[in-house]
Structure formats: C-alpha cells, structure tokens
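One chain, chain A, appears in both complexes that follow, with chain B as partner in the first and chain C in the second.
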Partner chain A sequence: MTARNSLIFALVALALLALLPVDLSGLGLPYPGLRRYGTYILTLWLVTAIAAMGVNLIVGYAGQETLAQAAFVGIGAYFTAIAGKHGVPFGLSFVASGLVTFVIGIALGFPALRVQKHYLAFVTLAFSVLCWLVFRNESAVTGGVMGIRDIERPVVFGLKLRNAVHFYWFVLAIASVMTFVLWWIVRSPWGRAFTALRENPLRAESLGIDVRLYTLLAFALGSAYGGMAGSLYAPLVEFIDPSPFALGPSLLFMLMVVVGGSGTFCGPFVGAAVAVLLPEWLRAWETWYLLIYAVLVMLMMALSPGGLVGLVNQLLARRSARP
Partner chain B sequence: MTDFLQLLIAGLATGGIYALAAIGFTLLWQTSQTINFAQGEFVMVPAFFALVAMKLGLPFIAALVAAVLVSMLLLGVAFRYVVVGPLLNRGVLPLVISTIALSIILKETVKDFYSAEAQVFPTLLPDHIVTLLPGVAVSLAQIGVLVVSMLTIGGLQWFLAGTRTGRQMQATAQNPGVARILGVPVERMILYTFVINGGLAAMASILVSPIYLAKFSNGETLGLVAFVAAIVGGFNQVRGAIAGGLLLGVLDNLAAAYVSTAYRQAIPLVLLVLIILFRPQGLLGRREERAV
Partner chain C sequence: MTALLEVRDIEKAFGGVQAVRGVSFDVNEGEILGVIGPNGSGKSTLFNCILGQLVPTRGSVAVDGRDITGLRPSALNRLGVSRTFQLLQVFPRLTTRENLILAGQEHRGTRIGRLFGARDAGLGAEADRMLEFFRLTALAHETAGSLSYGQQKLLDAAMAFMAGSRLVLLDEPAGGVNPTMLAGLRDRLAAINREARATFVVIEHNMEFVMALCTRLIVLAEGRIIAEGAPADVRRDPAVIEAYLGH
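This part shows the complex of A and B:
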C-alpha cells in the first residue's frame, strides 16, 4: 500500500470506528448502534490494542521478548487511579504514566540487553512477579486485593466523560494519535534501522547502527505504550485490583501480538480484537476458553507463524498469483 | 546461630529441588536451543500424574514411579516430537510462543480436569523432627528431600561424565556440528535430553509438592526460580544450575525468616539483576565467545 492509500484507509477506518456505537436510525439508516456494554467492549479493545502495539514494537520490530506488558499497564493504571484520588488532572497523569514506564523500561532493559537474547524475557518475567507483589501487598497505597474503586472519568473541556460513547471517542482520539506516532516511528530512519536489524543484524551493526541502543529505546517505548494504555484502563473500568496485571495477562499480551501477526502494523489490532472478543463469544464455555485459545495458538505457530495478518496476506498473494 | 543452621539445611533442601528444575532447563537450552517457558508447569504437572495413579489404586511408591515414567514420555518424548519438532526450523519466536501456550494448556488442563484447589501430597519420609546437633532440629522430611535430590543430581552427573552416552550428550550440547561429524547420533542425544528433563521435572515435582501442596498455579513461581537459578549459576554449565538452585533455595529461606515473607518471591529478581550487572556469564559460567 502506498502512503496515500494507507492514509485514506486509516481515515475511513477511523470514521467507521467513530460511528460504530452510535444509533443511526434517527438519520434514516437501519443501524441501532451498540448498547452500553458493547461500547465498553469496543473501548477495552482500543485500550488493549495500544498496549499490544507496544508489545509489537518490542517483539515484532526489535526482536525481543517482554513478559511484563500487563505489569506496565498496571503501573499506569495504579498511577492514574491514585493520582486521580489526589486531584491530579487526567492529562497530567496520562503523560506521567508514559514517562514513568519509559524510565522503568530503560532501567530494566539496560542490564538485560547487555548480555544476550532472551535475558530480557527473564528480567521482565521477574519484574512482572515483583509488580504483582507490590500491587497486592502495599495495601496502604494500592488497596491490596480489595483494589481501588470509584475511579473518576477524565474531564475534557469542562465535560465529564460519564457517557460511554463520549469516553469511547476520547479513547479513540488518543489511540489514533498513538497509532500515528508509532506508524511514523516505524517509517522513520529509526524504524528502518529495525528492519535492517531484523533482516541482517551483522550488516546493520557494521553500517553503524547501535543495536543495543535501538533495542533499548524500543523496549522502553513499547513499555510506555503499556503504561499509557493502563492510564486509560483505570478510568474505563473505574475499578482496579491486582489480578489483570499478573503474569498470566502479560503472557496473553505476547500471544495476542503473535496471533495478530508480529511485525505487521495491523497485527496488534487484530490480536487485541481476538483476545477481547473471543472470551465474549465463548462465554458459554467460560472455563474452557483459555485452554481452547492456547491450543489454537499452538496450532497457528505450527501452521502459520505469521499470525492472522500473515495468513490473510498469504491468501491474497495466492489469489493474485492466479490468472 | 542454631536458627541459621536450621534455615541453611531447610534452604539446601528447597535449593536441591530448584536445582533439579534448573538443570533440565539448562540441558534443553544447550542441546537444542529450546527455551522452555513451560518448565515451571513441567514441575507442577507430575504430582498430578501421581495423584491420578493413586486414585486408580496404585500404592504410593508405584504411583511415584508411574509419574516419573509418564513424565518422561509426555513431557519428554511427546514434547520433543509434537511441540518442538515442527517448530525447530521456524526461528526462535514461534517456539517461545508455543511453550508459553503449552504452559497455559498444562495449567488449565489441571484446573479444569482435576481441581482448582491445592491438593495434599504425601511425603516420602514422615514430618518427624530430629535433633542433629544440640539446638538444631530438622524434620526428617527435609533431610529426605535433600538426600533424594542430591542422589538424583549425583546420578545425573555420573551419567553425563561417566558413560559413553552421557559424554556423547555433552558433545552434542557443546557443538552439535562437530559431534555429528564425529559420529554422535545427535538426534537421539537431543531426544535423551528431553527425556531426562521430563524425569528431573518429575523428581522435583514429587519432592516439592508435599511442601507447597500440589496446585495448578505452582508453575509460575517454580518456573521463575528455575530460569533464575540457571542464569545465576551460569548458563553453559550443569554445575552452574546446581549452584544457582542451591543458592536461591538458601536465600529464599533466609529472606523469609529475616526480611519479609511477603517479598520472598522478589529475591530472584534482585539476584537476577545483580548477576546480570556484575557477572553476566553467571557464577560458574564461562564467557561465551560470539562467532562473527
């Protein structure tokens, strides 16, 4: 796709997404919009996709593994919730969440990336356990297992976003900006360096690309996307406790990105949609859901490691190859 | 001082279990570049094999033997051919994701088909307290764990260093290409590694379950400890994994007594970061030369 085509595609997608929860029957269109819960799920998808974009930058572009994305989401969520209780406006705590997780990312990534591949995975694994312990044990600050309730929605231009659709639009706007920033980064010389790294690390290094620095910045930036997603998650759910930020959800973030298609731009959105919607559809099989999902992931790794986006690309290529 | 000695012995007993899990993990990484993110679940599951065997009417010792054999078959042979086999030439990420998915599958299977509750698991030796030195009282069960884990590790070391097959396995771990040229059946050696990992995980499971109870979620902590023990000790050495495991076990017990029980799980992280910062090749490891 050329830059112009993808811009048009993105704008059309954005317009459709903005209208998705709205009741259009007043305009004479036979579309009733989404109920409150549907809008909530849609917003959750966007928030999840932001965090997944971060994982994709780390896994798909920088070729590392992170097992702590849910912990970073948790840091952002707790930070925003606690700051909100003390009267800090949302905009400030959103930016601060990103900065804090970026700095933590540097602090974790710096030692881990000095050694060799996979060490980042183990460091983030341990960090994820540590964060969960802090969320659970420091009940004076985090509310422990009882969590924090009644988290305030942000106020924009004097309007408090109590309405589900209003808050959805707010998240959609932020998500679009963050998507655009990432798209720009991936296409910038900085992003091109990643492609070089992925294709041939030795040649990239000999061309003067500082592999370690680039990988470190990618990890920190990806983690900051997690933190900012968390900052949106807290006011969306209006209640947080330690369980969504444990090790299990961090592993699911990894699976999500690979299921969507790691290293592809749309992959995180597809993966997040599967991860958010599948449990809704498989509600009747609630206890079996994770088991089924994990088996499907394993099959996918054996049959189509490019994920769903890779699968679609393969099918399209096969169709266009035919006369 | 006597308190410290008691904690040290208790720590070595837990450390022996950690070492068993870490050795298998190291062996797999060395011989087949397989990083098994399901290692913790591999240590969690065999206890349930034994529980199922006992439900089917086997006596305790026979159930333990059955658990070890089934683990070698399922977590060794089946893992090698069904999960790892199709992915070996696909690069690193698919295999990483697949073992993560496998960890979820094992956890959920135990939760859905057996029980989500912690299960009592019988000990090899009774929890009888014996006095070793004046003031140093240790439970017989702890000594049993220490002895069994040391015997297992000793047996493995003897096998690796003292038998022809063991030395062929070491050759495969150090350099598969050269080993193949020298006539080592590399494929079979890799399979043996997987089988040994299954057996070691089963031994660890049998020893740890009476202490922590058998529960589907145990794998998270056990896996973390196994990874950290392997890295702390030095990745290219089996004895590194042993040292790392013992060290973690002792630190774990000392931290629980002297620092805080709430944060004893944080010890591995602290140790991991310190090692990576100051001695990245691990305590006993050799620096790996990077081939350019």
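This part shows the complex of A and C:
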C-alpha cells in the first residue's frame, strides 16, 4: 500500500471509529451507537492495541522475545494512579510513564545482547514475575492485593472525561498519534534496521548497523508503548490491582501479535480485537465461551501461521495473481 | 603503493586447536588479493579475525595504519571495510533495492536524522546506479528471497559496495554460482576494482575464478602461509601443489 493510500485508509478508519459509539438515529441513520459497556470495551481494545503495538515492534519487527509487556503496562498504570493521587496532572504522568518504561526497557534489553529466543523469553518472564511481586507485596505504595481505587479520569481543556464516549475519543486521539509515530518509525531507515536485526543480525552488523543499539531501542520503544498503554488503562478502569499485570496477560499480548500477524502493521489491532472483543461477542454461549475461544485461536494458528493479516494478504495476493 | 590493510602475526586458537599460526601480510590499495588453501587451512578463521567477528589470540590488524584489532564489524564497516559471507546473507523479505539501501543507510547522516529524513536515506539514486552496475535493475522491486542463487550472490556483492567501501573481503563469492553468472560476477568485480580502485581480499576454492580475478595470491595450509606471489607463480609452487592441489 502506498503512503497516500495508507493515509486515506487510516483517516476513514479513524472517522468510523470515532462515530462507532455515537447514536446516529438523530441524523436519520438507523444506528443506535454503543452502550456504556460497549464503549468501555472499545476503549479497552484501543489501550490493549497500543501495548500490543509495542510487543509487535520488539517481536514482529526486531525479532526479539518478550513476556514482560503486562509488567510494563502495570508500571505505567501504577505510576499514573499513584502520581494522580498526589495531584500530578495526567499529561505529565502519561509522558513520565513513557519515559520510565523506556529506561527500564533499555535495561531489560541488555540480556537480549547475550541471550536469544526462549532464553531471552525466560529473562523477560522473570522480570514480569518480579514486577508482579512488587505490585502485590509493596502494599504501602501499590495497595497490594487491595489495589488502588477511585483513579481520576484526566481533565482536558477544563473538561473532565467522566463521560465514556469523551474518554473513548481522548484515547482514540492518543492511539492515533502513537500509531502514526510507530508507522513513521517502521517506514523509516530505523524500521529497515529493525527488520535487518530480525532477519540476519550477523549480516546487519557487517553492514554497519549497530545491532546492540537497535536491539536496545526496540526494547525501549516497545516497553514505552506498554507503559503509556498502562497510563491510559488506569483511568479507564478507575481501579487497579496486580492481577491484570501478571504473566498470563503478558502471554496474551504475545498471542495478540501472533494471531493478528507478527511484523505486520495492522496485526496488533486485529490481535487485540481477537483478545478483547471476541470473548465479549462469545459471551452469549455463557460457560462455553472460553472453550469456543480457545478452539478458534488454535484453528486460526493452524490454518494461518502468518496471523489474520497474513491470511488476508495471502488471499489478496492470490486474487491479484489470477489472470 | 601504500598498504591499506596490514595483518601482523595473527594467531587464533580454539582450545587446543591452533587454527591460525602467525599469519602476516599486507594488501595494497587497488589490489585484489586471493587467499586460497585446502579445507581447514584457517582461511575463514583468518577472515573472521580481520573482520572483528573473532578476537585473535595474538597479533594485530591495521587499516590505513590504524589498529582495528578486535573492533566490532559495525565499527569496521563505518571505517570503509565490508565483507560478504560464504553462505548467502541477503535480507529475503526486503526488495533488491531495499537491500542495497539498507547496506548504505548507516553511512548517511546521523541516526536521529535518518529517523526524520527520507525513507530511502537519500540513497535511492545510488542504489539504482548499483543495480544497473550489477545488472539487477529488472529485479529492483522483487523480494531478495525470490531471486536465483546467482542473482542473490550478485546482490550480496553489490551490498558490500553500497557503503562506499574501500576494502571488501569476499568469502567464497563463486560458491554455488553457475558458470554464466560467475563470469558476470567476475567481470563486475574487476570493473569496480578498475573504476573505483576498490581493494579486495578474496577467499575462494574455484581456482579458475581466483586465477582470473586476483593480482596476487597467498596460500594457507594448517594455519600458516606456505606460498605467496603472482597467480601463475603460485600455481607452479611445489609446496602448493603438495599441500593444496595435491596432484
């Protein structure tokens, strides 16, 4: 897709997403919009997609491994919640969350310079467990298992975002900016260097690409996306405890990237939709829904190892190859 | 002539195995030096010691009089030293043109500048020239993975020159390439040596290729240099016939 077509596609998608929770019946259109819970789920999907974009940068583009993204989301969420309780404005804690997780991401990237593949996965797994233990045990700061409640929603231009749709639009605006930033990075020479790192680090190094620096950059940027997603997650749910930041959700982030299409730009959005929206749609099957969800994911992985975006690309390529 | 590359008394041991034993030689600017020897003679280990992929047990390597021993490959590349590998090392999912741009991009501007600058890092025209020079223009937008083995070898060699390298070390460039493509590769390497005064060190088993391309040869056996000189002289050297050619 050319840059112009990508931009048009993005603007149309943005407009549709902005209108999705809005009741359009007043305009004569037969669309009632979404209820509060539907808007909440849609916002959660955006927040999850931001964190998954970070995982996609580390895993899909740079070819590294991470099982620590939920920990970074947790760091951002706790940082924002605690800072908010001390009167720090949301904008400041959002940026600070990004910076803090960027720096921690660099530190976590150092093992990647020495170990690869499942060894690296285990290093990040250990970090994930460590963070979860801190969230759970350091109750004086984090509230322990009781968590932190009554987290304030941000105030933008004097408007407190109590309304679910207003907060959704706010998250959509931030997600759009972060999507554009990542799009810019992966299309720039940096993105090409990340790809080189994934495909052949030995050759990349011989071409003057500083493999160590780009590995650390991938970890730092990917982790910062996790931290900033966490910063949005805290005011979205208004209550945080350690459970969403444990190892299981980190595995889920990995699953989102793989199911969506690792190393494809839209993959994290599709993967996050599968992880956040699909279980909600399957709730009608009550206790069966988790079983159906698991079987669907297994089928998807078996039939399309390149993820859903990979499957669509494959079908489009086959169609255009037809005489 | 000035010595562009000076290799002094390089030794490399892996545990009890002495792979390279006190190898010294110079490579002059504009020269094409061939390094030949039977399997296990230490050619690739010597290459890896020169190129920073292995740290030599003893000895030194200098480029333009500057000690580069143990310098990382990326730092060496920025000093104008490139290499190709024995096994193909292109980036299969990138296009031919993107492979070339990638090969040169780290030499353009600052890292931050590259993030905000043009997607092709200002290397589009240079990549097109290189595609034309290596007769790959028709394949510019094909993914490198879809090219034939010989075409990938050409691309691999072309990538080594995208950084404006003065010294290129080629590890078995002829390996697995069909005769027609091989003649093309030899012709292009000779042309780039003539036109840009690029200096080469070539490890190769294909004697015909080496004899036609190189201006000087050194022969390794059991980690030592056993002969050195013009290709025609080396071919007649009894020590070489004994150790390498075998008959």
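As a convention for this text, the second predicted complex is superposed on the first by the 293 of 323 C-alpha atoms of A that agree within 3 Å, B and C clash if a C-alpha of one lies under 4 Å from a C-alpha of the other, contacts with A are read in each partner's own complex, and residues count from 1 in each chain.
Just so it is clear, a residue touches a chain if its C-beta (ideal position, glycine included) is under 8 Å from a C-beta of that chain, and two chains touch if they have at least 3 such contacts.
Remember, predicted model here, so these are calculated numbers, not experimental data.
One more residue to check, A:L202. First (chain B), second (chain C), both or neither?
Touch status of A:L202: both partners.
Using the superposition described at the top, determine whether chain B or chain C touches more residues of chain A.
On the superposition, B touches more of the residues of chain A.
Looking at A:L133, would you say it contacts chain B, chain C, both, or neither? Reply first, second, both or neither.
first
Have a look at where A:A294 lands relative to chain B and chain C in the superposition and call it first, second, both or neither.
First partner only, chain B.
If we overlay the two complexes on their shared chain A, which of chain B and chain C does A:V59 touch? Say first, second, both or neither.
first
Identify the partner contact of A:A302: answer first if only chain B is touched, second if only chain C is, both if each is, neither if none is.
In the superposed model, A:A302 contacts chain B only, not chain C.
Name the contact category of A:V88: first (chain B only), second (chain C only), both, or neither.
Neither partner.
Regarding the shared-chain residue A:D210, is it in contact with chain B (first), chain C (second), both, or neither?
Second partner only, chain C.
Is A:L125 touching the first partner chain B, the second partner chain C, both, or neither of them?
first
Do any residues of chain A touch both chain B and chain C, and if so, which are they?
Overlap of chain B and chain C footprints on chain A: residues 202.
For the complex, which residues does chain A have touching chain C?
Those residues of chain A that touch chain C are 184-185, 187-190, 192-193, 195-196, 199-200, 202-203, 205-211, 213.
For chain A, which residues are in contact with chain B within the complex?
59, 63, 65, 111-112, 114-119, 121-123, 125-127, 129-130, 133, 137, 202, 247-248, 251, 254-255, 258, 262, 287-288, 290-291, 293-295, 297-298, 301-302, 305
Show me the residue ranges of chain C that touch chain A in the complex, using the header's touch definition.
My answer: residues 51, 53, 72-74, 77-78, 82-83, 85, 89-94, 98, 101-103, 105-107, 111, 114-117, 119, 121, 159, 163.
Of all residues in chain B, which touch chain A in the complex?
35, 37, 83, 86-87, 90-98, 100-105, 108-109, 111-112, 220-221, 224, 227-228, 231, 262-263, 265-266, 268-269, 272-273, 276-277, 280, 288, 292
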